[in-house]
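Presented below is the structure to which this report refers.
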């Protein structure tokens, strides 16, 4: 059982990327990361997003995944880690052959740490 | 590792049902779904619940699981997705041979989207 | 698929310990549990913690894990269950041969149930 626990934790944790890693590359030219906002909500409801994020709602991702850049690493987030949208997006991205992670802590965690966001205009 | 990630995501996501799917059948006669409130709290603490939910606290589920209907699909939820009660209930239901899911986003997500709830009388 | 779901739920749930189990031993002499606060934040930000917790930020755990007691069972928690810090700490502890769990519901759930906390002095 100990081995099953360790295997599960290792695979589960490998789905996530830490906000620090993303933050370190945020304002660099040629950052390897593209932050992907997969919230299924209009801008008026979302109000703001992680600075520089590309907004593709999870429901639209299957039809738009082929427009993405295989050179980049995608970092998907939803409102909180308590939803399944981040993992649904991640599954679509990984199955399509992209490098991708879910953002640890999601938008809630990012805002809780006062990390850079930007207002959305509707 | 990519295969292990995809396998984990597919199995993990298969535990959940989306609120839209549940909502679509909510007021239909003979809905295949029974929404199951598994919060371990008295009504006075719970205050409200998802409209039409059947309240069986997770701690009582082992002794009550045989009263459930094998024709239905059970959708369990707790306060938030951050607790383990929804998954504990799901495990009891699946092991007893029921069709069951955990509600994506839990009660917190349902309320956040202003979906139908009902007040509980004490 | 039913078997894969049940296997995943059983392993996933085996990572967690219920707050009641921890609470039952809280004020007993020779409690088998040591509650481990793994938040990566200074005391001024943390403000309070679970009563009697040992604070070792997850980032410091790899270098401090050898100071821990193999007779005890460690119960790690972060702010919420939505972060990955609790699981990162758990992986470090299990790989080092310690008995360890993540606290179901994390600090957020503990406080939500009004369980004992203590103020931190800065």
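As written, the chain order gives the labels A, B and C, with residue 1 at the start of each chain.
Basically, a contact is a pair of C-beta atoms (placed from the backbone, for glycine too) under 8 Å apart; a residue touches a chain by one contact, two chains touch by 3 or more.
Predicted, not measured: the structure shown is a model, and the values here were computed from it.
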item: Subunit C against subunit B, contact positions shared by both copies (same if over half, else different); value: different
item: Superposition of subunit A upon subunit B: rotation angle, C-alpha, nearest 5 degrees; value: 120
item: Distance from subunit C to subunit B - Cα centre to Cα centre, in angstrom; value: 26
item: Residues within subunit B bordering two or more other chains; value: 8, 12, 80-82
item: For the subunit A and subunit C complex, residues of the former touching the latter; value: 1-2, 4-6, 8-10, 12-13, 16, 18, 80-82, 104-106, 108-109, 112
item: Partner subunit A, residues of subunit C touching it in the complex; value: 8, 11-12, 14-15, 79-84, 87-88, 90-91, 94-95
